[in-house]
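Multiple structures follow.
The following pair of complexes shares a single chain, chain A, combined with chain B in the former and chain C in the latter.
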Partner chain A sequence: MADESVANAPKGRVVTGVIGADVHVVGNRLLAMALERAGFKVINLGVLVSQEEFINAAVESNADALFISSLYGHAELDCEGLREKCIEAGLDDILIYVGGNVALGKQEWSEVEKRFLAMGIDRVFPPRTPPKVGIELLERDLAARKRSKG
Partner chain B sequence: MIDEGLFQALRREVLATWPTGQEVSDEAFEYYQRKGDSGVFHQRLQEAKAAGRTLLQPRGGVPLVHLQIELLRHLEQVGTADLLPLTVDSYTRQNRYEEAQRHLERSQQEGVALLNGFPVVNHGVRNSRAVLEAVAAPVQIRHGSPDARLLAEISFAAGYTSFEGGGITYNLPYSARVPLERSVRDWQYVDRLSGYYTERGVVINRESYGALTGIMVPPAIAVAISVFEALLAAEQGVKSITVGYGQNGHIIQDVAAVEVLGTLTQQYLQRFGFHDVDVTTCFHEWMGPFPMTEGRAFGLIGLGALTAALARATKVITKTPHEAYGVPTKEANAQGLLCSRLMVDTMAHQVPLDRAQVAEEARWIAREATAIVEKALELGEGRFDASVVRAFEAGVMDLPFCPSIYAQNKVMPIRDATGAVRYLEHGHLPFDKETLDRNQELIHQRMGAVDTDPLEQIEKDINFFLEAEGFSAVSGGS
Partner chain C sequence: MLALLADIGSTFTKVTVVDLARAEVAATAQAPTTVEDINLGLGAAIHAIEERLPLPAEQVAFRLACSSAAGGLRMVTVGLIPALTVEASKRAALGAGAKVVGVFSHELTDADLDAIAGLKPDIVLLTGGTDGGNERAILHNAAALARSRVRAPVVVAGNRVASDRVCAILQSSGREVWVTENVMPEVGELNIRPAQEAIREVFLKRIIVAKGLDKAQETFGILMPTPTAVLRATELLAVGTDDEPGLGDLVVVDVGGATTDVHSAADGRPTKPGVVWKGLPEPFAKRTVEGDLGIRYNAPTILEVAGKARLCRAIGWDEPDLHGIVSRLSAEVDYVPRDARAETIDVALARTAVEIAVDRHVGTLTVVYTPFGEMAVQYGKDLTEARYVIGTGGIFAHTQAGRKVLEGALFDPQNPTSLRPVHPEMRVDKPYIMAAAGLLAEREPTVALRLLKRNLAPV
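Our next item is the complex of A and B:
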């Protein structure tokens, strides 16, 4: 499934997928394609992906970021402990972005965001965020990381 | 064709997987003979095809026998349905009969529906038969199961003579990790069982689920997949095949797609020597995101039925004004039928259609579909099952917005300036230069006019019929 078509060196490697028991596939495909078109190497795991599968794919591909989608409202439970498991697996500075419909029902966005950031998620996106917003932030975060590593 | 000895051994194995399997026997043939039924569903389709009529069929399934009978009688008597459904619950589709049993028993105790369909396997032959016998119209089993072997056994023994699904169309849109090789093999069993009944005087109609993921499936992809499911069925002795297609919302393209679906399927069956197979067509009213407001929903249902009738589809699967909210009431279901009935019976023959435009679109759909089928046949080295598996592996056959890892998902559809579905990315579909040039030109006519991200356009294209969201041809989709 991984895209092999990036001719030049990719801007970065991103593992994408829909976490948990969620089968919503449309946003996942659009995001994966947007990342590819922006010059990233994408390892798209599709739907029904577990934390372990995200981590294994990230280790295997030496990924820079995880782009985790969730549309069924259980993202918080599904992402619990993910940052700690990444560190255990040696993925010390991998970026973790989460987006979709990440909270159940109508909740204050700033509160939702706070809870995800506290779990060690780098960025969390409200419903209907266009893919390009996440991609621009990823480019910025990767550039900043490069600079700080000198 | 599956070897007879192997088939009978497999049957014993399959029938032993749940107690009601023991109710299956050759008594079924006596039952059919007593009823004078030699495949009533097939007969009804043939009559409609000969008369140029489009039959109406709703969806619908509830867990309890008396509630299912109440639902079907309402759809038949109030909704004027020509053909009826028995939609099977999600546990049964996944062969989780123990969970289905628990929810069925609780539904029985509490008198409420705790399953989203009728658990045919758990009800067994006798109870499933009771539903069929309570209505006049023929009833089809509809589900979404990658392994429907036991379901087919119980259904055919109970007296149901039409069965939806196939190794491709009931796997890829429904499952994430079921190997195509396995689902194709398990559906060869269902097709062989259909052939077994057919050879004994009971014609089983087999229908391919052509609506697939229901989200902007390019017509050529639906056609190519249908051709293979028809060939796989015919190879096992099936004589009555219905091929399907889901409305994309562009009348000319939709009509052209149904026409090519029927003719190309027939051509390939002929080419491989299956001369005595009857092919009929099924049109699915819009399977994508449905409007929340009833007025808009009825407009869309009417458009779907009208398109089906213009395309002379043998039958149309109707939607309901509750589609946006989940499982409809029987009353809402009947309203969707009545809206469709008006269009099919009184409107379609009054609407002129630009036949030259339909023919032009049909020519391209046939060209694309033929390219896919030919390449797949080449990869399969003379075997239809291997053709399918290898073609999906290579991306020569592909399905956009597919949850399964067994499709490459390299194809991305987009609408052109008129709303017809084209390819933003065609992945590894084996198209020639003229096909690709025409596609580029058509999407450029739309995208050239607006400086926006095509992926954002696609979201609008998917939500084509939603309030405040929908596609606008006049403004170039922006």
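Our next item is the complex of A and C:
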């Protein structure tokens, strides 16, 4: 059982998983391990995870962020409508990060990023981004949110 | 030495006397259950036995009872997300032998509270949130219950971090509260035993008193609700004891007048390689109850769910008066078929109830198409390799058609995604031994196991 005592309180709660009909298990597992090592509580849903499963897990565990992996190029389709569903489920200010191989073919990264941000994804990462980049940004985003809430 | 084991049912009180040294049934008898004074019915059943078999006090090692009288153990469960804590709390209650009369999710509304009050639960199981997770829902629901007309004791098995506050809210409004471990401490992790133990404690300390069943405690110790005893027997028969091996993975179907229960004792993990197992983890001993499938009260809903064509196929002829027959069965609940034609219809109803109930109990295999080809995803238990299917209930005790009914539980090539047993051996509970054996297992598990093995007849 997770230890929730003050001394060991996690930095935050993150739901991880590979979205859609994607079975690439390794990157997500490494990311989950890195998050745990950085002091986060991780709820790892594994592969073949639907939007609903991400949302259910986030509501039940009161998560701060979703870390969504996608390696097969269909992330854009798989993430469509996720932000709206989160709001519907009461997850008003959950952070959503997406990473992996999120787009097919040779596309300008800035264009890809723009499309994801327009969908309400907070951050999207190009291929081969090391986990620590996402984790540092998560820490920064959570701290900023804490400040803005006073 | 003898053990006296009583199953105090809603209509009949059945007493089974077991010779402990021989692990055999020495005598059985039944008498109508007397809710006004439960000892009258118990006494009548024991009297009927004593006419054939003397029961000197020094020969009686112990007397134990289980009960489903006075409405059984009625429970309402409350959780947060339907696929997570709501499902976990429902499983906890079913595994504790309850009749789950209502299942609620998210934050309770005034209409929900009215509905819960109308359901007259004996216990409310309040869950929601993983440990350290969502607190809002369970705190809201505790406050809602505290100001509602619902007076039932509350078992709290939700977010551990919120438990103290939940308990305080409920206690300050005069509710009896039992706090125990979270049914889902982490997303996807099932922890239902502590809640089940708490439910049993409330049942023993409060419910049997509230229902006037505690008078039986003077003679018999009531230990558990009857369905719990059957689930215990199922698990014992599968797993065995240190002295006696079990039979391995098995499924028990209990066809009653109002419900059809399915119990499985198996871990249910995928039997084929390369299958991704998703959804909540499955309890090894799992009970599901189909409240719409029973061969008396609920015969009309079997027809409704299955449809006339399917039921007629099971009967073997096109029965013109099917609607009339099922509505008469639901009115005349102690009806026993008097001719072959009526029995055939009874057997067809039971078989159809078993087909549907087992279909809902077992897991499914679905194919997901990915860019890398097809992936098989399993939800629920794979019971294709279960070694035994066992039938209990009146249809198995009173007719010779047990095999035909049990065949309804088998794998169907027309419906290959339903992970039912493919080639199990089949057994029937002729002498109504399951509940008694589950009780006996509390004191003498090996004797109970031998008793089961001897008395469940191959068909």
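Miscellaneous remarks
Here is the rule we use: the second predicted complex is superposed on the first by the 143 of 150 C-alpha atoms of A that agree within 3 Å, B and C clash if a C-alpha of one lies under 4 Å from a C-alpha of the other, contacts with A are read in each partner's own complex, and residues count from 1 in each chain.
Please note the rule applied: a contact is a pair of C-beta atoms (placed from the backbone, for glycine too) under 8 Å apart; a residue touches a chain by one contact, two chains touch by 3 or more.
Bear in mind that the values here come from a model prediction, so they are computed numbers and not experimental data.
With chain A as the common reference for superposition, the partners chain B and chain C occupy clashing space.
Of the two partner chains, chain B is the only one touched by A:Met33; chain C is not. When the two complexes are overlaid on their common chain A, residue A:Val47 makes contact with chain B and with chain C alike. Contacts of A:Asn56 after superposition: chain C is touched, whereas chain B is not reached. Contact with chain C, but none with chain B, is seen for A:Tyr72 once the two complexes are overlaid on the shared chain.
In the superposition on chain A, A:Asp22 makes contact with chain C only, while chain B stays out of contact range. Looking at the superposition, the partner that touches the larger set of chain A residues, chain B or chain C, turns out to be C.
Within the superposed three-chain model, A:Ala144 lies out of touch with both chain B and chain C [touch as defined at top]. When both complexes are overlaid on chain A, the residue A:Pro130 reaches chain B alone and has no touch with chain C. Listed for chain C are the stretches 148-156, 220-228, 274-282 or 364-372, of which 274-282 clashes with chain B, judged after superposition on chain A.
Comparing the two complexes, residues 1, 23, 47-48 of chain A contact chain B in one case and chain C in the other. Contacts from chain A toward chain B in the complex involve residues 1, 23, 25-26, 29-30, 33-34, 37, 44, 46-48, 130-132. Of all residues in chain A, only 1-2, 4, 10, 13, 15, 21-23, 41, 43, 45, 47-48, 52-53, 56-57, 59-63, 72-74 touch chain C in the complex they form. If you check the complex, the residues on chain C that touch chain A are 80-81, 83-85, 128-135, 160-161, 184-188, 276, 278, 368-372, 375, 377. Note for the complex: chain B touches chain A at residues 176-177, 213, 215, 400-405, 408-409, 412, 425, 453, 455-456, 458-459, 462.
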